[in-house]
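There are two complexes below, and they share chain A, which is joined by chain B in the first and by chain C in the second.
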Partner chain A sequence: MTKNFTNFVPLIVFLALVIAFAALLLRPEKAEMISKPLPALSLEGLKAEDLKGPAVVNFFASWCTPCRAEHSLLIELAENDVPIYGIAYKDKKADMKRYLEDLGNPYTKIGADIKGRAFIDWGLTGVPESFVIDGEGRIRYHHGGVLLPEDIKHTILPLIKELSK
Partner chain B sequence: MIPELGHFALILALVVALAQGFLPYPALKKRAAILLFSLNLIAFLSLTWAYIVTDLSVANVAQNSHTLKPFIYKVAGVWGNHEGSMLLWSLMLALFSMLVALSTVKPEGLKNKVLSIQGLLASGFLAFILLASNPFARLPFAPVDGAGLNPVLQDPGLAIHPPLLYMGYVGFSVAFAFALAGLLEGKLDKDWARAVRPWVLLSWSSLSAGIGLGSWWAYYELGWGGWWFWDPVENASLMPWLLGTALLHSVIVLEKRNTLKRWVALLAILTFSLSMLGTFLVRSGVLTSVHAFAVDPMRGIFILGLLTLYTGSALIIYAWKAGSLENKALESTAEFSPVSRESTLILNNLFMTTGCATVLIGTLYPLVMEALNAGQISVGPPYFIATFVPLMIPALILMGIAPFIAWKKGNLTSLKKQLTIPFIIVLASLPLLIWIMENQNGEGTHPVGVWVGLGIALWLSVTTISEWVKRTELKLSRIKSLPLSAWGMSSAHLGISVAIFGMVGSTLWLKEEIKLMKPGDVMPIGRYELKLEEITASFGPNYAADAALLGLHYKGSSHSIATLKAERRHYPVARQGTTEAAIRKSWRDDIYVALGDQDSQKPEYWVIRAYVHPLVPYLWLGYFMIALGGFLALLGTRKKKP
Partner chain C sequence: MTTASHIVALLVGAMLLCFLPSLTHAFVNPDEQLSNPVLEQRARDISKDIRCPVCGGQTIEGSNADVARDLRLLIRERLIEGDTNEEIIDYLRARYGDEILMNPPMLRSTTLLWLGPFLVFMLGGTIAGHFIRKAQK
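What follows is the complex of A and B.
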């Protein structure tokens, strides 16, 4: 009987995985973080009181490929006078420095999230992720994953413009 | 017109695939498989045509191509995006289905079931393409020009990397279909193993080549000087490779010794399931990475549905039928002693599957924790280095020993005798090798890692070569009569050891420098010196570029070995930049120079970043030998046929 049961083990493990995936895919768009007061932030180089909205908060890392992909967009955003606060997630200082020297530095201020504390407090699942914050210390938009030119044009810039009014 | 033809061919293909899957007429299945491939090919060529002529009324072309793109990248652009790559996946699936239909698989009952299962697999993926990722969708108004292909993806290596990788992924569908057909027929025996082994070899070799090319591409194109990043998408290809490696070896046990039936069936199911999981992870946007060009939850749900349907049904069939296999396997011929080839191959399987499990856990753990609302955690390269690497050390040591051990019952005394000389050679040459390298290049960052890593690589290469010597006794007649499968094993095993030389050397002996330099400045690095000669501006077909010219010397010598040109390109259409590093390859090391930003205060200063990667050429040689070994063994299985 136990022999027969072991034949079912792969199936059971697989079904558990599927349920987890489905839950992940079907969850609402991380609504819980939006319009909430800013989460705690106390990093070397960047504290909660440094964040002056409307602005973009961008989590990145030098070891993260998509971060490289979106970097030129951030530079463009900075050229449009949008303040961007960078949070370097689990990154060595030297690596981060080289990364910014290499690709340019769009950030108004940079915090080093070496222990991954801010990553957890801000509810991230990976890097890159970006937030738009308003002047009253609230998150107004959360973007998981890499930013595309459309996101900047259709979502982030209009929102920043609206918040600046 | 032609895109509509492609669309129509796809709809017909779905109908044919369903017919191949469900209709019970054996005579029909072979023709269906041929027709299915032809229709897929028509669809694929239609899309290719739309790319070649840059038909901007096709949404897919408009989003991913551009009239100014060089011809080869217009063609490669067909599969450089989500819809097109799914079409390629489907084409490969149909290709394998046709190859099975045309091959001689006995008995017919098994072959018919295999073809039915492949028809069902194909219909699912075709339905996905037609319903959720139609590459032929038209735009109401054609734009003036296309958006361009991500310039990072404009590289010849990348043009062939996905097709090879897909051939590997999709090829495992044959083993999957064979496992299910074998379970349903109650026929998983030596003949089954002989029939399935060539397919496993073909998929495994293609996957190996695909991974190798991907790694090569990351190293030479992405400009950050590494070849493996434990990126989820890389992991998604590593996992089926590890299980495929286990499958490859356990199929041999089944073929020779008629045992491990349940295990082989389960491995075959899981290997293809992990290939599908890889597709799911990349395509669903559950994980973000450079590879994930489609981020659409609808597609994720669809692919998850397919994965659940196929893997779920396969595991139900397994749970239901596996018990009946076991009774038949309890024949006395299946016995073997703890010291035997069988045992070493089982150990190999344990290491490979455990390795695969650690990678799977590292890749999925953050996702699963989040899905369960248990908080968010992250897993980086340190996790993989701490778990995966130590698992591979005993596996590699064993890999050197296993080919010396006989089937059924090995002889420990003679094993010790045979391994004494290789062991002495390793002990003697290891310090010499390390001394030669460190004398000029400087010391490694992790001395224990250097000794262990190179020790293992040396052990594996010396034992593999001595096993070859033992087999051939260095007599020409015996070398000539050595079966191709033996050549394949030697090549693949030696390839692994050669690749490890490259991995250890390029990681632990890596030298890196970053410096603000003006023309005339010199940077010492490793056994070299770099002199910045000048910075120039130039234009390519669809980009503008800054280029740095650097003279390369050996340390302490003024004789210039080479002039290196490192570029930074800016693609105005896609508004993206790429780094074209200058690389000089030699048999000892690669020197790699990338041009960074211009200093904003002092414009004559530029950021120059340089790496020396010792032994990295051996990594590519190793990948090549691994894939070659698989292909040789594959040829061997064809030759054996009467």
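What follows is the complex of A and C.
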């Protein structure tokens, strides 16, 4: 019995490492931009001075499928009086308009990042990505990838609430 | 030659191939290049050390991803504006972290990461040696 178990120790250690690494790698929080002042933003429709926190900044695109998946959550967030600034990444104006007509428009203001410069300035690696910004012009949370209901409930809303005090 | 030595020769050959410099060609399009050869060379030098943030092991020089192209253009724009190489690299590190560098620096916080493989190798060797000696008895 003991002998048999010993044989499996390397396998168990290996699997534990796989799970630990996967959990760390798949975390949606991105650390690099946290506490940094808001990066430059000079887009058609949205400038840096338009951003009034506490609020959410959401990068999206009409061609991006996961963006569709989180869209209803953004609408819910907007209904809870959280301002959301949208940045449409490499999107055609007509496509973006149709997308928002079909799914609803949760955005307080929308900027068009046609050249993809805001994408780099804000340290993105894909769409969708979302930020929580505070009233002092700083980034407080950076979420890589699609938002899930629990992200809104356990992270975004409590943080907005705390920053609104 | 026996089949076994054929296989060994093949494996050794395949292993040696790993040491060849990467054969992927640069994706810098003619419309991106700067007319000033000195600045263009500096842009190439920087790009060689910048990892494309969406394609894993490729440099932005060797990737045709959209973001890689945008980064190449951004580097050239900043060079024209008079930024030094260090300023451009610091700009990218501030946004993407050390991950953006093809050769991340060895920091105190990452020492274990750099030495880890050797430690695991030594530990494995010690354990293997222990069992081999035991088996020989």
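Assume the second predicted complex is superposed on the first by the 135 of 165 C-alpha atoms of A that agree within 3 Å, B and C clash if a C-alpha of one lies under 4 Å from a C-alpha of the other, contacts with A are read in each partner's own complex, and residues count from 1 in each chain.
Basically, contacts are C-beta pairs under 8 Å (C-beta built on N, C-alpha and C of every residue); 3 or more make two chains touch, one makes a residue touch a chain.
In this text, all values refer to a predicted model and were calculated from it rather than measured experimentally.
> So, does A:L15 touch the first partner chain B, the second partner chain C, both, or neither?
In the superposition, A:L15 contacts chain B only.
> Of the partners chain B and chain C, which touch A:N7 in the superposed model: first, second, both, neither?
In the superposed model, A:N7 contacts chain B only, not chain C.
> Which of the two partners, first being chain B and second being chain C, lies in contact with A:K90: first, second, both, or neither?
both
> Of the two partner chains, chain B (first) and chain C (second), which one does A:V57 touch, if any: first, second, both, or neither?
A:V57: touches no partner chain.
> On the A-aligned overlay, A:L43 touches which partner chain: chain B = first, chain C = second, or both, or neither?
So A:L43 meets neither chain B nor chain C here.
> A:R117 contacts which: chain B (first), chain C (second), both, neither?
Once the two structures are laid over each other on A, A:R117 reaches chain C alone.
> See if chain A has more residues touched by chain B or by chain C, and give me that chain.
The partner with more contacted residues on chain A is B.
> For chain A, give the residues common to its interface with chain B and its interface with chain C.
90, 116, 119-120, 123, 125-126
> How about chain C: which of its residues touch chain A in the complex?
Per the touch definition, chain C meets chain A at residues 53-54, 66-67, 70-71, 74, 94-97.
> Flag every residue of chain A that touches chain C in the complex, lowest number first.
31-33, 36, 39, 90, 115-117, 119-123, 125-126
> In the complex of these two chains, what residues of chain B are touching chain A?
150, 152, 222, 229, 231, 262, 266, 269-270, 273, 280, 284-290, 292, 295, 297, 300-301, 304, 307-308, 311-312, 315-316, 318-320, 322-323, 326, 364, 366-368, 370-372, 375-378, 380-381, 514, 575-577, 579, 594, 596-597, 607, 609
> Under the touch definition given earlier, write down the residues of chain A that touch chain B in their complex.
It comes out as residues 3-4, 7-8, 10-11, 14-15, 17-18, 20-27, 63, 65-66, 68-69, 72, 76, 89-90, 98, 101-104, 116, 119-120, 123-126, 128, 144-146, 149.
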